[in-house]
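Shared between the two complexes below is subunit A, which has subunit B as its partner in the first and subunit C in the second.
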Partner chain A sequence: MAADQKSPVAPLLEVIDLKTHFPIRTGVFSRVSGHVYAVDGVSINLREGETLGLVGESGSGKSTLGKSIMRLVEPTSGEIKISGVAITGLNKRDMFVHRRQVQMVFQDPYSSLNPRIPVGKVVAEALHIHGIASGVAADEMVRELFRRVGLRAAQTRNYANEFSGGQRQRVGIARALALNPKLIIADEPVSALDVSVQAQVINLFMDLQQELGLSYLFIAHDLAVVAQVCHRIAVMYLGKIIEVANRDELFKAPQHPYTQALLASIPIPNPEIKPAADRVLQGDIPSPSDPPKGCRFHTRCPLAETRCRTEEPPFKEGSPGHWVACHLH
Partner chain B sequence: MSDLTRSDRPFEEKYKSSWSLAAESFRRFLILPLNQISFAITALLLFVALFAPWIAPFPFEQVNPSNGLDPPSWQHLMGTDQAGRDVFSRVLYGTQTSLLIGVVTVVCGMILGVFIGAVSGYFGGWVDEIVMRVVEVFMSVPGIILALALVSVLGPSLPSIILALSIRRITQFARVVRGSVLSVKSQDYITACHALGMNNLRIVFGHVLPNCLSPIIVLASVLLGNVILTESTLSFLGMGIQEPTPSWGTMIAKGNEFLTFAPWISLFPGGFLFLTMIAFNLLGDGVRDHLDPRGGSVL
Partner chain C sequence: MDAMAAVLELKNLQTQFATRDGIVRAVDGVSYAVGQGETLGVVGESGCGKSVSSLSILRLIPDPPGKIVGGSVLFAGEDLTRVSEERIRAVRGNEISMIFQEPMTSLNPMMTIGKQISEPLTRHLGLSKKQAADRAQEMLALVQIPDTRKWLSGYPHEMSGGMRQRVMIAIALACDPKVLIADEPTTALDVTIQAQILQLIRELQEKMGTAVIMVTHDLGVIAEVADRVVVMYAGRKIEEASVKKLFARPRHPYTRGLMTAIPRLDKITNGDGLSKRLTEIPGVVPPLYDLPAGCAFADRCGYATDQCRIEKPVFEKKSPNHWAACWQELPG
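Let's turn to the complex of A and B:
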């Protein structure tokens, strides 16, 4: 659906019509009274060595999509293929092997490290259970990983509370790299950091991509960050991808009114230029348990027409590699 | 503190062991005078319990009807009871009984309760529902009534008293650990363990439970005093430790009828019980404050 590349090799990651719905249980008997449509029919793909940015407001389902791809959250339907192999139906043992290929970096550097265990020990444990190395060899590999992410080898023995936010995020990256994955899902990896530290961590991500040929699914809500690291950008709104394009294309010629509004919301460092008032979004994102009919964005769209309220727009390729779901395009 | 933050130590050094962390934590615990007092009394009681046979001047069951109800003297520091037994020796042996029951009960309750609570909280679903309903049934019965009922069914012996007292501790530990596990398991570092492909057993015991240590330790120290008091109550009511084995509760009960003219028979075991309760409650409070994350202490 969202395929924009014609390369003969299977993409590293291929997500086809993925849905992840969470039941809402109420009452004494935990009756299912509704669903949260966190991810509702998402199709994306990602080539080797590429960074795909995933942007959207809080509550748009970005993190759930990331966790679904890792199968940390069980998808409701749809298919996920890693290097052409469907992982949605894999049992526990096969999934264990597959875990080596995809790893995750978390948003909150404070809750992502166990306060009671030396940071290097968790990484060594991962190496051990996957049969990569154990004992002294594993310790040496952990030290090497720490050096690679810009920490000192001796810091493998420290506890999480002895690190700063940026260092913690580096530890999180070292942990993700331990199994030598091809794809890293970075769930807002820099949004909790100071701006100066953000730049360092982003540079680390980019250096690692150069050295190791990693692919990233880079989840963020800060468009400035996304602009720096991503090759392509997918915009998500209420559980659906509404626009995908190359970075430059998306920033130059955004098609979807929501994307236009997002770009208009980037602060311009010049007080003379006022943001276009009609492009600034009003209101909040609707509840994902009761998404609007038709185009999901019509409740906030400045350009909404009658058919937007009733008819769901198809996701189509406007220009090569630029997909958008809007009746106006 | 300085060696905690320095990280340029030689590679050969192993991971900082949890023992050295615990020792560090313990040193900081003893800074407060109140903690020093409670710890000193606890240590003294432990010492007395362990070395009672060597400290006690008389065997606890040695009767001497000719000098019954003797007031405290240099020979009998706490006087003698109606059968002429040395109250001091019996109080010392009573410490042994109380601490034995306290420690064994709390340890049994802790092992089973932590296991049940961890499984219940971690796996959730219907297992959790069933376990928690059972726990609530036990919690709805007053502790002493439950213990009395169980002992009267099983008969008043040491194992049955420990069993009767343990069951409630199991439910108490299970509840606390479950709550703690519920909050820890949703942390990102646990999600990361799943992402790395660790199995549930490894995650629960290696990564979740170490983070539930503080509430477990606090509950254990609070319950220790609690159990000793309940045991004394049972013994006082005649459903606990039976004569001639010394127990503070039994001694207080037996001395009851001589209270007006030989108060020492009840007074000294009562005083020891009082002291023990104060010490364990202070200890529990101290440990709780010490381990409160807002106090900035680890472990």
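Let's turn to the complex of A and C:
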């Protein structure tokens, strides 16, 4: 949006060297026998009105990063700032206030709604808990929110199972919007939807950004979806961000061999274009509890050299705004 | 599908489920065929009957509530809907095999990988234990599992999603099937792993001449692997064409809607798609227990007329190698 007209203030979201490790417990005494390095030193920032896409293989740590920012999981170390305020050290009460600014929309519109309560009530409750509105005033706000996300006001009385997948995702978005957040973390918000309904929800995300100046951290594995909605894109691999760039820059000039492989792997819906024969990566993703030494991608990288196996590549800004962690750049 | 001899042919297949809401016509008179070495793509909205039609081929529909109530499945001179229970079991996983949507639930968590591949070999092909184990190891190597020796005695939960799906493919191909039915074989996987698996299926198909039925909702996958495509909507086949014809000029408004609703990376990177709105298909699929008298898509269709709402469109030839069920002549 109009971010460029403002004086250089602190970014809306700033994540600095964030690590979220999960202990692996084994045996009868549940001894900690190792760690899953789900997020392992991630730094990102997000401006107001901006959408940052987060892509990467399954298990690379995208959801964990999103949940860490929400503090639905506790980060191990590092810092998270919202509008310049560090939230990593906040106590429960201050955290409660912060919650309003950052909301999450989940992948699965089925399991994220209580089936026994009318969906309108679910949203009204959030308003009540945060002391925004209650009673009749809350109900009216909920109806307004429903209209805003393309549902009918009367549908506030329906139960979750009476909605289609796309409608449930709209309810999820209405609930996220209820607290008037600045940032929405959308974790695979359209992956569970049909292609025809997916377009409806993607358009809704884009319209809401226009109207409300929202920022999104948009997690998805479908790169075409990400390309549609994001201004900038960050690529994650095994707990680390390995490349960040503007959308067009990333698609035109991907630098990291993993990003290149990722882009080359996307099937293009045009039978006249034949896939390049050499695009297929060899090998599986290594275990996040035992990541490879050096560059984490070296076990699958067609270009890996000796130092890639021993030395971790620094995250460098090769051209303005285009960061990559690769020895070859 | 006139020119090539069909290996497998569905004729007017009807499969229904008895539910509390009424009779669900999950597959409502679907016909398609697939030839040797050919890949038939099957696409369509979630719940339109893609999986039920492929499960019906092998009579894997839970009965009750499900039942094949009409039509036939012709394979090697037999109608599989009518053969004995014994015969269909001999066909399953042997002459026709299937890769399912969810790799984890379709592998046996208690059985070693090696056993799961070799068991059908001893059962169907009468191989000795030793021969079957050797073949299992060979198959693992074929689907590019490293450390094949070690994995023979490994269990599914120790593998990544991509590895499990490759084991499914190894099992499906171990008996050299004539037909491979792949139901969303890559939906749960990442694009880099998906690319590996699609290439693998293609290579094996070239080597063995397998006929492949590829069920997916991903038009990108269809464009890449299919020779011919069947589009389904609400239990029916609404369009069929060679892959090139389908993408060049879809004849059914639903297919058109699908093509314009997907974000297209190739368009965006051409610099002409800067966060434009996508074209939506408004509304949702009608419930299959309460289908309208006319075209099931009419409610969502910008071209619909009164005729469309009253009378079911006939599935007819629109041009060589191209059929659709639509009363309207769409602009080119």
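Just so we're on the same page, the second predicted complex is superposed on the first by the 318 of 329 C-alpha atoms of A that agree within 3 Å, B and C clash if a C-alpha of one lies under 4 Å from a C-alpha of the other, contacts with A are read in each partner's own complex, and residues count from 1 in each chain.
Note that in this section a residue touches a chain if its C-beta (ideal position, glycine included) is under 8 Å from a C-beta of that chain, and two chains touch if they have at least 3 such contacts.
Remember, it's a predicted structure, so these values are computed and weren't measured experimentally.
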item: Touched partner set for A:70, first subunit B, second subunit C, both or neither; value: first
item: Which superposed partner A:130 touches (first subunit B, second subunit C, both, neither); value: first
item: First, second, both or neither for A:113, with subunit B first and subunit C second; value: first
item: Which of subunit B and subunit C A:121 touches, first, second, both or neither; value: first
item: Contacts of A:206 with subunit B and subunit C, given as first, second, both or neither; value: second
item: Partner chain in contact with A:94 - subunit B first, subunit C second, else both or neither; value: neither
item: First, second, both or neither for A:158, with subunit B first and subunit C second; value: first
item: Which of subunit B and subunit C A:144 touches, first, second, both or neither; value: neither
item: Doubly contacted residues of subunit A, that is, touched by subunit B and again by subunit C; value: none
item: Residues of subunit A that touch subunit B when the two form their complex; value: 67, 70, 72, 95-96, 99-100, 103-104, 106-108, 111-118, 120-122, 125-126, 129-130, 143, 152-155, 157-159, 161-162, 172, 175, 178-179
item: Residues of subunit A touching subunit C in the complex; value: 57-59, 164-167, 194-200, 202-203, 206-207, 221-225, 227-229, 247-248, 251-252, 261-262, 264-273, 275, 279-285
item: Of subunit C, residues touching subunit A in the complex; value: 45-46, 144, 146, 160-163, 189-196, 198-199, 217-224, 226, 243-244, 247, 257-259, 261-266, 268-269, 271, 273, 275, 277-282, 284
item: Touching residues (chain side subunit B, partner subunit A) in the complex; value: 4-5, 7-11, 13-16, 187-189, 191-198, 202, 206-207, 210-211, 213, 298-299
